[in-house]
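Labels run A, B and C following the written order; every chain starts at residue 1.
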Amino acid sequence: MLKFIVKRILWALVTIWAIISITFIIMHSIPGDPFAREGSMPEAVYQNLRSFYNLDEPLYVQYGLYLKQIAQFDFGPSLKSNTLTVNDYIANGFPVSLQLGAQALILAVCLGLILGVIAAVNRNKWPDYFAMVLAIIGISVPSFILATFLINFLAVEWRLFPVATWQTMKHTVLPTISLAMLPMAYIARLMRSSMLEVLNQDYMITAKSKGLNKGFILIKYGLRNAILPVVTVLGIITANLVTGSFIVEHIFGVPGIGELFVKGIFNRDYPVILGSTIFYSIILIFLILIVDIAYTWIDPRIKVTGESK
Amino acid sequence: MANKIQLTEDLFTPVTDNFKDAEKIARPSVSYWRDTWRRLKENKLAMFGLVLIIILAIMAIIGPYISGYSYFEQDFTRKNLRPNAEHWFGTDTSGRDLFTRAWYGARISLFIGLMAATIDFVIGIIYGGVSAIRGGRIDNFMMRLAEVLFSIPYLLMVILMMIVLERGIWPIIIAMTITGWIPMARLVRGQVLQLKELDYVHAANAMGAPTSWKLRKHMIPNTMGPILVNITLTVPTAIFAEATLSFLGLGIPAPQASWGTMASDSLSSILVGNFYQLAIPALLISITMFAFNVFGDGLRDALDPKLRN
Amino acid sequence: MKKRLNIFMSVFFALMLVLAGCTTTGDKADPEKDDDNKDPNVETPAEKKVLRTNNHSEPGALHPGLAQGTHDSWVIDHVFEGLTVKAPDGTIAPGMAETWDTSEDGLTWTFHLRDGVQWSNGDPVTAADFEYAWKFALDPNNASQYAYQMYYLENGQAFNEVGATILKEYNEAVEKAEKDGTEPPEKPVIAEADLQPARDKVGVKALDEKTLEVKLATATPYFLDLTSFYTYYPINKTVAESNPDWFKEAATFVSNGAFKLTEWKHKESLTLAKNDSYYDAAKVNLDEVVLYVIEDNNTAWQMYQTGEIDLLDNLPSEVTGKLIADQAPDFHNAAELSTYYYNLNSDVKPFNNPKVRRAFGMAIDRQTIVEHVAQGGQMPAYGVVPPGMPDVSGDFRENAGALFEENYDEAKKLLAEGLAEEGLKKLPELTLLYNTNEIHKVIAEAIQEMWRKNLGVENVTLENVEFQVKLDREQSGDYMISRAGWIGDYVDPMTYLDLWVSDGPYNDANYSNPEYDALVNTAKTSMDPTVRMEAMHQAEQILMNDMPIIPVYYYTRPHVYKENVTGIYTLINRQPSFKFADIE
């Protein structure tokens, strides 16, 4: 297992390097200048700015400088802020996005699994329809519409929750719901279909014919086997949730990292684009690694490439 | 007590040709797809979904011509009219007929959704299937490549592509599929890997069956369930992604409209009491999602060889 | 096997517990926080007056020398103060400087600071703080975007340009090397030894603690106006020299204005508190101001609706339209020195022809746009200089009146003639470029429709790009029609008319007319107001005859504040000021 993990971490470094390179190339090939604005900027002011941020160096020199910087875990300054560096943005925003993402994840996984199992066990009966309609509502409304509805009804009309900003636990309720609906529905459907498959497996029938307790079978054999596809997607879902959502953070005024790269692109804030991309990628790679380990651990049939040798 | 079996003449009849009938399968021999269709027809909810999809498709084709208004014609004396006999869905802030715009939007949204799902499906199944069946080094390389691409935030790639490409329907589809096929490829690979260890595949291997035959006869039918669930989720995901792009201002160019741009443009309508302007595109998106989802679920059940009864 | 399952299940249940835990804490928090977000009247107790508003986005630099946008300047304007201030009526009043005198040639200004003015940390505000701040903005190593605001100072530009020629040569060498694929040169270093002499020559000097002497490069009639602008605010020299990062956190932040920064939760909110050491503190009524950082205008409006915010600008246009129609008592509008217009690229056919350009300009129904599309109480524009610019007597805009009229038949005729002159049978495919924004989009859609209906032009396509891309394409001339806007830099028609001289800095329309250039030049050099204004009136008329740009409307600044808030005033081109606001 250790060999496998070491190998994967080395691979991860290569992956991150590849991501830096791809993003660097695409980023510098899109039109637009970070310091462009309406009206004129005197030549000297423009040159001072470019020199200050080393943007006047040849691209490959900038690339080299950036790699050197990254090796020291320094994502560099933001071209649009003299106050916060990219490291600051991440250090300030990630705990917020992490909290929001974790809340949404817990909500999504718990509700999703429960709905999925209920639906599968009661296939084609009313609990199935009820659970699936709930799940479908979750994937039926784009998050910006859902967020708008939630604010309009729960906050403005009925005054149950504050509209926006990030202050108390109560402020986190609406964004958590907005964020959790989609993965919840996704998990519920995935769980239902894989549970259905498992319920028809021979070992389930065998277990049933042995007269074992129904609930016991469901948990011991059913859930354990059916959860595999859910575990597969869990890494990606988690990465998506904890790295924040542009829409939810934008609408609810959540100071997370979800809008970093979107705004980075619109501002041509190169260090912010690169920094947030790398950070996102690290989280994703790390979580996928965990999922892969969890996968081999839950399903002995899958062998790890590193181990099989 | 000696129990003697009475052997009589009539017990010994000569074997006739009809022994072949005994070997015959009770059910009429039908092809795989006809069988699927037969079982699909029995699923009322799925058929309802299919009917909805057909209605939406027909309306997308003829809807824009029914009311006699064009999608771009403005009339400020008739702005913000609630649904009425003249304008069945009301009018928008520029006095444009929402009925026409809604179905014109259906055209664009459905096209984007279907095209993106198709492209994702085709690339994903080829990539994932080949990767899993070939295994070893090729699998390793292909999955690393997918992992690198996948570790770049989806929205980042889409936005960067949208800025590089010109505005229009195809750029949106290209931008969305450029890394959108990866989850499908991963899913296919995961499923195939699981199947690879099953006895009937081992048997096929032992008999020296070619890869393409294994893919067609064993892998695809047996992985169809989860993959179909994934496709039915790709259509909404694509329509959602388009809506997200609209929210970011990167959607279909004005004055054309998709459901996504219609919804994101009318978010502020809710603030001044013109709720229907947002509700109409939101409802249409939801109906579409519902239709695709229940149909996908039904199709999945019908296709799954393990659920045959 | 069993053990694994057990671990898995326990993790699962642990997750469930956390979920349950979260919900309960959420519920528990309810009663305590309930009254926090309801009624503003209940919420702010009598002993503490708190105004809550929205700063729209996270400030990039709360530093006078580095600030560059409204998200910076709104806060800075309230926590700092310059030599002079703008009174609520817009006139210039003494600020940190109590009196000032100017030499006869208008080149030397001497400012005498008020007695007892203090920084929020108790330090006295000295003339050296001004000298330090102004030189900071000009220092090329600080890369200030607004450094050119200091170019009015003698040798100011020269200091900012130290190294510019070296850097320019280097930039060109790099570009050339990249093209040829050869090795580029090393990046040059601008030595401190080169900077110091240039810094010392800049025309600002603290003669003593209380006296600041300023030497200008040329006589600038509006220099006094500039000293109330944020780039000219002072910086506490002692603090800044010992801690260059002083402006990055509330704890180290030192300012000299009516308020001081007490809390800065990045991307979340800023809290300002009344600065008791401010000389005019008696007139400051608010104890605290909370500025949230909510980027979504719909959300911000909803916060205002529920009473989570007391003062708000940048309202969604639908909302402004409704507020105006309803004559809402909490709605306020202020004029702005700003024009919304479309560029027509004079370098491409058919817009090289003035008749075609005029036809497009005359076929727009501006009243409809203002009333139904922009909906902010804007004024239709039939000239380029917005109202609010003084003429010799009266208002420049009012005196000039409408310089062209909307006439669809005439427009059609002009279009046909123009096309004939260019030898075109029909119009080529036209593209209207605008930067992605809800309001620009609906205006573009409306204008596209008006051209279709009123002018019979069917082949205009709308293209929205990001702001940065639009600027890029305008500057390189890669567009046909583009949306633009200009906010006056100073209160004189020249801030507009200067834009379209042949080599003008923002002449994206690529307009060139020697007659126009000559008139603008006359206005620039003449000292006689009558001659100047006459030349500018003529120039504007020529511009509107040739119509390289199509004016659409003059901006306004709609904003709302709760009826219990008083004392809000709006200076031209600034956000509403809450300096003297009060909550009743």
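Side notes on the structure shown:
In this section, contacts are C-beta pairs under 8 Å (C-beta built on N, C-alpha and C of every residue); 3 or more make two chains touch, one makes a residue touch a chain.
Because the structure is predicted, anything quoted here is derived from the model rather than measured.
Chain centres computed from CA atoms place C at the largest separation from subunit B. Inter-chain contacts peak for the pair A-C. Measuring from the average of all protein CA coordinates, the nearest chain centre is that of A.
Inter-chain centre distance (subunit A to subunit C, centres taken as mean C-alpha positions): 36 Å. Separating the centre of subunit B from that of subunit C, both taken as means of CA atoms, is a distance of 47 Å. For this pair, subunit A with subunit B, the centres built from the Cα atoms lie 23 Å apart.
The set of subunit C residues that touch two or more partner chains comprises 298, 302, 466, 469.
Residue positions of subunit B touching 2 or more other chains: 163, 248, 267.
Residue positions 30-32, 148, 152 of subunit A are each in touch with at least two other chains. Residues 30-45, 47-54, 56-59, 61, 78, 80-84, 88, 92-93, 103, 106-107, 109-110, 148, 151-152, 155-156, 159, 162-170, 172-173, 219-220, 224, 250-253, 255, 259, 266-268, 297-298, 300 of subunit A touch subunit C in their complex. Those residues of subunit C that touch subunit A in the complex are listed here as 1, 4-5, 8-9, 15-16, 18-19, 22, 25-26, 29-30, 33, 36-38, 58-63, 66, 140-145, 147-148, 151, 157, 160-161, 163-164, 167-168, 170-171, 174, 177-178, 184, 187, 247-248, 265-269, 292-296, 298-300, 302-303, 305-306, 308, 466-469, 471-473, 475, 484-486, 505-506. Against subunit B, in their complex, subunit A makes its touches with residues 11, 14-16, 18-19, 22-23, 26-27, 29-32, 129, 132, 136-137, 139-145, 148-149, 152, 186, 189-190, 193-194, 196-197, 200-201, 229, 232-233, 236, 243, 246-247, 261-262, 265, 273, 276-277, 280-281, 284-285, 288, 299, 301-302, 305.
Taken in their complex, subunit B has these residues touching subunit C: 72-74, 76, 79, 93-94, 163, 166-167, 248-250, 253-255, 265, 267-269, 271-272, 274. On subunit B, the positions that touch subunit A within their shared complex are 45, 140, 144, 147-148, 150-153, 155-156, 159-160, 163-164, 183, 186-187, 190, 193-194, 197, 225-226, 229, 233, 236, 240, 243-244, 247-248, 260, 263-264, 267, 270, 278, 282, 285-286, 289-290, 293-294, 297, 300-301, 304, 306-307.
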